[in-house]
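Listed below are the structures to be examined.
Each of the next two complexes has chain A plus one more chain, namely chain B in the first and chain C in the second.
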Partner chain A sequence: MKAYLAMMRGAYMIGLVYRFGFLFSIAGNLIYMSITYFLWRSIYQDRETLRGLTFDETYIYVALGSAVFILLKTYVDWQMSYDIREGMVAIYLTKPLDLQLYELFTSLGFALHALTTVTLSTFLLLIFVFHIEIPLGIGLLLFPFSLVLAYLVSFCFDYFIGLLAFYTESVWGLSITKEVIITVLSGALIPLQFFPEVIRKILLWLPFQAIYYTPLTMVAKPNLGWETFLPMLGIQLFWVAALFALTRLFYNQAVKVLRISGG
Partner chain B sequence: MHSLKDYLRLYFIIETQYIKARMQYRADFLISSIGMFFSSLATLGIFWVIFHSIPDLAGWSFMQLVFIYGFYMIAISPMQILFDHIWQIRFHVQQGTFLKYYFRPLNMMFYYMSEMFDSKGLTQLAAGIVVLIYASIQLDLSWTLSRVALLLLTLFSASLVQISITVLAGCAAFWVLDAYPVLGLAWRLREFAPYPMNIFDGAFRFTFTFIIPLGFVAFYPSQLFLQPEEVSSLVYFSPLVGIGLFALTYWVWTKGVNSYTGTGS
Partner chain C sequence: MSLIHIENLTKHFKILNRREGLRGAFRDLFSGDYRTVEAVAGISFDIEPGEIVGYIGPNGAGKSTTIKMMTGILKPTGGILQVNGLVPYDNRIRQAQTMGVVFGQRTQLWWDLPVIESFRIMKEIYKVDQKMFDRHMDMFNELVGLKALYSQQVRTLSLGQRMLCDISASFLHNPQVVFLDEPTIGLDISVKAKIRSVIQQLNREHNTTIILTTHDLGDVEALCQRIIIIDKGKILYDGDIKRVHALFGAYRTLKLQIDDFTEATLRTLTEKLSGRFGAGHGITVAETEESWTDVTIDQARTPLSDVLSFVMSSFAVEDVRIVEISMENVVRKVYDGALK
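Right, the complex of A and B next:
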């Protein structure tokens, strides 16, 4: 465990080196939030609610969504594909480490950095620049837990694509396809309420909604009550367990085809 | 100095080799093309979902936005296909491998960009053409020879705008350690180019018209075809915007190239 924590710390420190990047991410987020503000303003025009959501609720949802987006992108797939092509992965495999946990903790270090910089600053921008009042409710308390589970689900998808690199070496296409599927179907850009009824029902059965829709709903509508939130967390937990188990099984298969030449 | 013909011949030779090398990863090549196709259609899906709840967006109908989006997809394709190597510039500058581009008797921007030919951009281009034709049939637009010529001219200019914005962002690599956030921001902003500029208020509309002219990638030029009778005079400047912006970009690139000192190793 100590070894994994050390890796996490290392990754966090790397994040700190690129301070310019961090400032730019915040500026970028501010612009992005303003654009989405105008976009949703003109979608709502003078309507009180759309699909049961007020403008404020939707805006909290999408603006926070853009902050969480940076946090939940683990880049594990890109990293693994790079390590496999360069042969670095052979070094990890000779060490007494579990590859899944190694990738998880390294990515957590970066995520922690994104959390303390970009995500927190977005929260502050939302309150002080856009004057959005985030309503208080138990959802806010549950949000951190939900966010951790969301991260783990997102990690499993990235790790799965990373494992596919054992077969294809380069994963550009797979990563892009995965990203599009997740951004559209998880409700990262539009709350799922806006989807047509039938599609929405299907999406709630898929694992993608556990990444964005669940945690964002907890902040946008924090007063839905325990009876709504607990099953949501339960479903997230289910997906974390299922996807972790599946990717572990897949690892055992994928590692057999790995060929690293010389070096 | 080489002639344009020499450059075209060279480009053809370089890209043939490049595509051969890419074919090593055949599975990824295929999936990339499919992935590109889906990612270009994702925004249309989002438009579709939004219009499920509202009849129009700031006065624009769903089909009009589809038209603008088709225009946008075509306009961003040349950037994707021909200038994709800009994404690697920060690595080359950081690692010092950028030095090799100084040692050939070729135009440096040409030489640098020729090292990558992104064939999956062709999928996007094809999808864009289909979407544009589909929307113009649905909207019952009439096409004469001169209007088609105007379309080609505006598309050329719009693609120069997109190329310039991205390459300018990439040029940041010459002055800052990590240019990725700058490029990343340009990339994220790009997603908003197909949205009607009239959803923005004063300061933002001004910015996207005159400072980061995203409006000229799709929205302003499309108006020439969607509402030819009520376009603002600004729209007629769109061919000039592309050429002017590219000239500026080339100037900044040259400045960057001249100020780069290598890594010392």
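Right, the complex of A and C next:
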């Protein structure tokens, strides 16, 4: 375990090495938040609520959504396909390491970096620049837990695509497809409330909503109460366990077809 | 019992037959046209603790594939492979704890971080205790001056420095066996010599078994008592280096560019050389490219410097190069039955 924590620390340090990346990600976030602010302002115009959501609730959801989006992008799929194509994966496999945990903890190191830059800056920008009042409630308290679970679900998807690189080497097309599917079906772009009723019901049965919809709802509507939030966390937990187990099984298959040419 | 036991080991790869051009590339998308490549075609050998074994062969001979099977990355297609009595592929994580690996063309160090951080991470990965860590770091410092590099980002190291760090790192957890895959690739002579001496000292320190794959016969000459030559997935020779040494060790080729070169020059050169050094001098003369003459010398019989000074004083020599016999030449000689 100490080994994985050491690697997480290493990955976090790499984030700090690239100082300008840090500054630009905050600047980029500010621009994105401004655009979505005016976009949703014009959608709401003078209306108080849309589909049961006030402007503030929607805006918190969407703005925080983009911050969480950056946080939950693990890039594990890109990294793994690069490592497999370049043969770097041979180096990890000659170490007494579990590949899944190795990928998880290095990506967590980068995520921690994103958390301290983008997610925190979004909260600060929401409060001090856009003067949005973030409502207090138990949801806010549960948000960090939900975020960790969301991260693990997102990781499993990326790790799964990364494992496909053992077969295909390049995962460019697969990654893009996965990204589009998750962005739309998870409620990252638009809250699930804005989907037609039937589709929304189906989506709640799929793992995608565990990535964005669940944690974001906890901040946007923090007063829904324990009886709403606990099942939501339970469903997240279920998906984490299921997807971890499935990707582990898949790894055992994928690693068999590995071939590393040259060097 | 031997440390590594290999018997009739094979590895086949399925490779898609690619077609040419853009149209071919599109057709390949739906192609099921595979061919099988035998990267390793039935090899057997045993390696004892403490040995330094040179595992050599030309490009694509199957060296790296064998290494990757021994380290548990690749699953053999057939045959027996045991390291320490265990099957590497089935016990990858356990096995990795007792192995060190350096792939010369890739680094195991963290590219963006200072050197010392990689060693700290490796310390945790291999569960090295603080006492052993300190002792080994001191040893590495003595051998390669590691302390001076601690705070330097790995990406800013020279290739030679990086390689010395990589090799040190692979010995950090005191492994039983270290695989060095092309550790001197792309380095100049002085750095190569340094790396060879470091490998030698690390081997002595804990009697670590080392398996060295290389293109550079100089590496093998400097380090190994035993040599295994592989080509096209099959073992050509496995045994004492002394016999192989006779094939390439003593031979050097003197490449001469002589002014006003004619057919007659070649003849006079041959005559003068046999006149000066007598019969059984072990010198052969041949014209190769435009105006270059190859004088191959068996140093066991005639010192190269004697030949060189004689030629220089007798002919108007424009340019001289001295070359070692190449890996390809050795393999060719073995094929021709030189070791039978």
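The definition used in the following text is that the second predicted complex is superposed on the first by the 262 of 263 C-alpha atoms of A that agree within 3 Å, B and C clash if a C-alpha of one lies under 4 Å from a C-alpha of the other, contacts with A are read in each partner's own complex, and residues count from 1 in each chain.
Quick note on the criterion: a residue touches a chain if its C-beta (ideal position, glycine included) is under 8 Å from a C-beta of that chain, and two chains touch if they have at least 3 such contacts.
Everything quoted here is computed from the prediction, not taken from an experiment.
Of the two partners chain B and chain C, more chain A residues are in touch with B. Of the two partner chains placed by the overlay, neither chain B nor chain C lies in contact with A:G234. In the superposition on chain A, A:G225 makes contact with neither chain B nor chain C.
Looking at the shared chain after the overlay, A:P144 reaches neither chain B nor chain C. Of the two partner chains, chain B is the only one touched by A:I43; chain C is not. Judged by the touch definition given at the top, the superposed model places A:F24 against chain B, while chain C stays out of reach.
Across the two superposed structures, the residue set of chain A contacted by chain B and also by chain C is 18.
Looking at the complex, you find that chain A touches chain C at residues 2-3, 5-7, 10, 13-14, 17-18, 86-88, 90-91, 93-98, 256, 258-260, 262-263.
Across the complex, chain B meets chain A through its residues 25, 27-36, 38-39, 42, 45-46, 49-50, 52-54, 57-58, 120, 176-178, 180-182, 184-185, 188-189, 192, 195, 199-201, 204. Within the complex, the chain C residues that touch chain A are 13, 64, 68, 71-75, 92-94, 96-97, 99, 101, 103-108, 110, 112-113, 117, 120-121, 123-127, 153, 181-182. Chain A meets chain B in the complex at residues 18, 20-21, 24-25, 27-28, 31-32, 34-35, 38-39, 41-43, 45, 47, 50-51, 167-177, 179-181, 183-184, 189-190, 194-196.
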